[in-house]
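All chains are identified by letter, namely A, B, C, D, E, F, G, H, I and J, in their written order; residue positions are counted from 1 within each chain.
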Amino acid sequence: MLYHIRMDVNLPPDLDPEVRADLLAREKEYSQKQQREGRWPHLWRVAGEYANISVVDVADHDELHAMLSGLPLFAYMDIEVTPLAGHPNKIAD
Amino acid sequence: MLYHIRMDVNLPPDLDPEVRADLLAREKEYSQKQQREGRWPHLWRVAGEYANISVVDVADHDELHAMLSGLPLFAYMDIEVTPLAGHPNKIAD
Amino acid sequence: MLYHIRMDVNLPPDLDPEVRADLLAREKEYSQKQQREGRWPHLWRVAGEYANISVVDVADHDELHAMLSGLPLFAYMDIEVTPLAGHPNKIAD
Amino acid sequence: MLYHIRMDVNLPPDLDPEVRADLLAREKEYSQKQQREGRWPHLWRVAGEYANISVVDVADHDELHAMLSGLPLFAYMDIEVTPLAGHPNKIAD
Amino acid sequence: MLYHIRMDVNLPPDLDPEVRADLLAREKEYSQKQQREGRWPHLWRVAGEYANISVVDVADHDELHAMLSGLPLFAYMDIEVTPLAGHPNKIAD
Amino acid sequence: MLYHIRMDVNLPPDLDPEVRADLLAREKEYSQKQQREGRWPHLWRVAGEYANISVVDVADHDELHAMLSGLPLFAYMDIEVTPLAGHPNKIAD
Amino acid sequence: MLYHIRMDVNLPPDLDPEVRADLLAREKEYSQKQQREGRWPHLWRVAGEYANISVVDVADHDELHAMLSGLPLFAYMDIEVTPLAGHPNKIAD
Amino acid sequence: MLYHIRMDVNLPPDLDPEVRADLLAREKEYSQKQQREGRWPHLWRVAGEYANISVVDVADHDELHAMLSGLPLFAYMDIEVTPLAGHPNKIAD
Amino acid sequence: MLYHIRMDVNLPPDLDPEVRADLLAREKEYSQKQQREGRWPHLWRVAGEYANISVVDVADHDELHAMLSGLPLFAYMDIEVTPLAGHPNKIAD
Amino acid sequence: MLYHIRMDVNLPPDLDPEVRADLLAREKEYSQKQQREGRWPHLWRVAGEYANISVVDVADHDELHAMLSGLPLFAYMDIEVTPLAGHPNKIAD
C-alpha cells in the first residue's frame, strides 16, 4: 500500500560535525536498503528546503511505523503521513 | 522537471448534478490526455478526502501554469505547488 | 487495518429540512451497515460540536476511500485521516 | 466517561540515553497500570510519528488531569483533550 | 463537572430579520432556563466580538452535548470545549 | 473589570528541581494573595495540560499588566487576554 | 482606557450597491460621532487591505462592546481587540 | 518606494461570464496603465494558482492604498503587503 | 509615513541578569531617543504580554529597517510591520 | 526560470560573534557571486525583519536547490519557494 510522506529535517546547526556525518551516512544506507527492497519507490528533495517528499509502499501501518521510526534522523524530523488510494482518472502505466 | 501538486476540490454540494457530471467528465478527459502525453506521471487519491496528490513533469513554470489553470475544476480547487529536485539518497530506478 | 478519522460536518443552516432529514437518515443507515459489517468499530460524538471521531477497520486505503466517499454527508464534511499502528505500551485486551 | 487524547512526544534527541531509557520504562509501567485498572481502554501509535491517540475512561476532569499529569513524559508532551459523547448512529456493541 | 466553552456566532448578515429575532429570542429563553437550572453558572460576552465565553456545569459529556446541540443558534456557531479541573493554587471561595 | 486569561506554562523539563520548586512556591503564594485580595475570582486547571484559564477582576489594563507581569512564572508563559463584557442573556446571580 | 482594534471588513462583492452605499454612509457618520466625542482617537487604514487599525478610548469593556457592536458594519467584520497598557519606555508626550 | 504584494483572487466559479470578462478586461487595462506609468515594475503569476506576486513602486502608503483599492478585482482579493528595503548584500544592477 | 509595528519579545528566562539589565537599559535609551526625535509617536504595552504595539513615523522603508534593526532587542523579537494610510472616515484632529 | 524565495534568518542571539561575522561575510560573498553570475536578479530586505525576499533565475529545480542549500546561512533559515510564471497582464519591459 502507498503512503505519501513529507519529512522536514531539523538538525541543530551546531551539531558536532562528526555526529552529523555519521547520522547522514547511516540515514543514506538505511534509506537505500529500503529502496532496494522495494519499500521506497519515490524519494524527491523539496527544492530549497531540508525536506523530502516520498512515497513508500509497505504492507500496513505497523510496517510503515517500523520503517519510519527506524530512520536514524527520525528524532530530528517532523513527519506527515497521507495514505494514498487509486485515483479514478489515473490511466494504466 | 517535476512538480509536486496537491489539489483540494471544493465543489458546492448543491451544484446542479448535470453541471457537476459535465465538469467531472471534462476533468477526466483533460487529465488523461495530459497523462498520455507524459506530463502527469503520478496521480493518487488522498484516501478519505476529495483531493489528489500528483507529480507532473513539464518543461517550466509557464507550462505548469497553463496545464493546471486549464483544468476544468481549476476554479473549484485549492492548489499547492512544490518543486521537486533529485535527492542525494535516491538510488537509480 | 485501523484508521483514526475525524469528521466535521458543515450542513448549511438553511438546508431544506426534508433534504436534511433524508441525508441524515441515509447517513445513519449507511454507517450502521458499515458497523454491522465490522468496518466501523468505534464511533463517538465530539461533545459540543457537530463532529465525530471514529476508528474504522478496513483492508487498505482504497477500501477506506470507497467507504468514506460513499457517506451521504461526504460532500458536507471536512475529514482528517490518521493511520493507527500498534503501540509498544499497549497491553493485550 | 470517555476522553479522546492525542499526545505528541518531544524528547530532545540529545537527551542522556540512560535518562531516556528510564523515562520510557517508567512511562510504560505507568500506562500499563492505568490500562490494567481500566482507565485506558484504547492506545494506538500514530503511524510515522512519535505520538499516540488514546481513549481514556475516568470519572471526571480532575481524575483525567491527575492521570495525565502523572505521566513520566508529561513535561515532554503536547496534549490535546477532546471529550467524547455517545453518537446517535452508534449501534450497540 | 465544569466545561469552558467559547461560542463564536456566525449569523449571515442578510438573514431574514424575523427569522433572526425569533432565533435570538429562543436562544435567550433556552440559555436562561439552563442558567436557572444551574447548568450555566458563567456567561460573558467577548468584548467587541459576536462571541461568548461560558462555563457550564453538567454531569457528563453526553449531557454537555445535549445542552449545547439544543441551542437554537447551534448550527450557526463554532464551539470550542475545554474540560476544567481544580487548580492546586485555587483558594477556597 | 473582568478579563479572561489563558496561561500556558512552558517550564523546561530539565530545569533545576530546586529552581522549579521555588518558582512554583512563589507563584502559588503570589496568586493566592491576588485571590484573597479579590483580583482573581476564577482559576481553573485546563484538564490534561500545564495551563490554566482564569478570570481576573482589576481596575484597568495597567493594573492587569502589573498583576500578570508580576507572576513568577511570567517569563515561562504564553498568555492570552480577552476582555469580558456583560452578556444580554445572563440572568442575575 | 485604550483598546487596540483591528477590523477586517468582508462586504460581499455582489451586495446591492444602494445597500452598500447606505451602510458605508451610516458607518462614517457613526464613527465620526464617536471620534468627535473622544472615544476614537486613532483610526488608520491598513494600506492595501479593506481593514482598519484603531485605538479607542472608553471607560470599560461594556462600553467598548456597545460601541463596536453598534457599528453598522459590525455583522460584516472580523474584529480583534487588544487591551493597551502604558509602556515603561514611553516618554511623556 | 517598493512594496511586495501578494494578491490571491477568489472569483466565484458561478460568476456571470460577462461580468467576469468585463472585470478581467478592466483589471488588465488598469494594471497596464499603472505599469506604463512606472508604478508596477514587477508582476508575476504564481504558477498553478489564481494569484500574483508583484512589486509596486509608489510614493507612500496612501498612494499604495489608492492604487490597490482601485483595482477592479479588489473586492475579490486577499492582499498581503510587505514593505521592501535595500539589502546590504545587493550588488548594484 | 506611519508604520504599525507589533513587537513580541522572547528573552530567554535564564539570560544572565546583568546581560538582561544592560539590554533593557540600552533598549530604553534607544527607543526614547527615537521618540524624542519624533520617529516613534505611539508606544503601548500589550496588556498581559511581553509585547508592544507602536506606530512609528519615518521617511521610508529603509529608514524603518535601520531604526528597527538598530533596537538592542532586535535579535530577540518577532516583529510584524503594517503600513498605515489615511482613513476616509477619520476626522481632522 | 524565475523562483520567488522568502528567507527568514534565525541566528541564535548568543552565537559567538566571530562565528557570526564569518557566516555573514561568507553569505555576502556567496550571494554576490550568484548575483554577478545572473542567477539572483532581485534581492530585497523585508523592512523590519531579519528576512529577505528574492527572485532567482536558474535552469531548473536541481540548480535552485544546489544554489540555496549552498548558502552559508542555509541551516539557520526557513525558506519558502514559489515558482513564478509569466502574467497575462504584464506589459513588455
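Definition applied: a residue touches a chain if its C-beta (ideal position, glycine included) is under 8 Å from a C-beta of that chain, and two chains touch if they have at least 3 such contacts.
From a predicted model like this one, the values you see are computed outputs, not experimental measurements.
Any chain bridging chain B and chain H, meaning touching each of them, is among J; the list is complete. Common partners of chain D and chain I, by the touch rule above, are F. Distance from the centre of chain C peaks at I, each centre being the average of the chain's Cα atoms.
By residue number, the contact pairs of B-H overlap by more than half with those of exactly one pair in E-F, C-E or G-I, and this pair is C-E.
Chain F has its Cα centroid 43 Å from the Cα centroid of chain A.
Across the assembly, chain B contributes residues 2-3, 45, 47-48, 61-62, 64-65, 81-86 that each touch 2 or more other chains.
Pairs of chains meeting the touch criterion: A-B, A-C, A-D, A-J, B-C, B-H, B-J, C-D, C-E, D-E, D-F, E-F, E-G, F-G, F-I, G-H, G-I, H-I, H-J, I-J.
Of all residues in chain C, those touching chain D in their complex are 2, 4, 27-28, 31-32, 35-36, 42-48, 52-53, 55, 82-91.
Across the interface of their complex, chain C is touched by residues 1-3, 60-62, 64-65, 81-86 of chain A.
Here chain B touches chain C in the complex through residues 11, 13, 45, 47-50, going by the rule given at the top. Residue ranges on chain E touching chain C, taken from their complex, read 3, 5, 61-62, 64-65, 68-69, 74-76, 79, 81.
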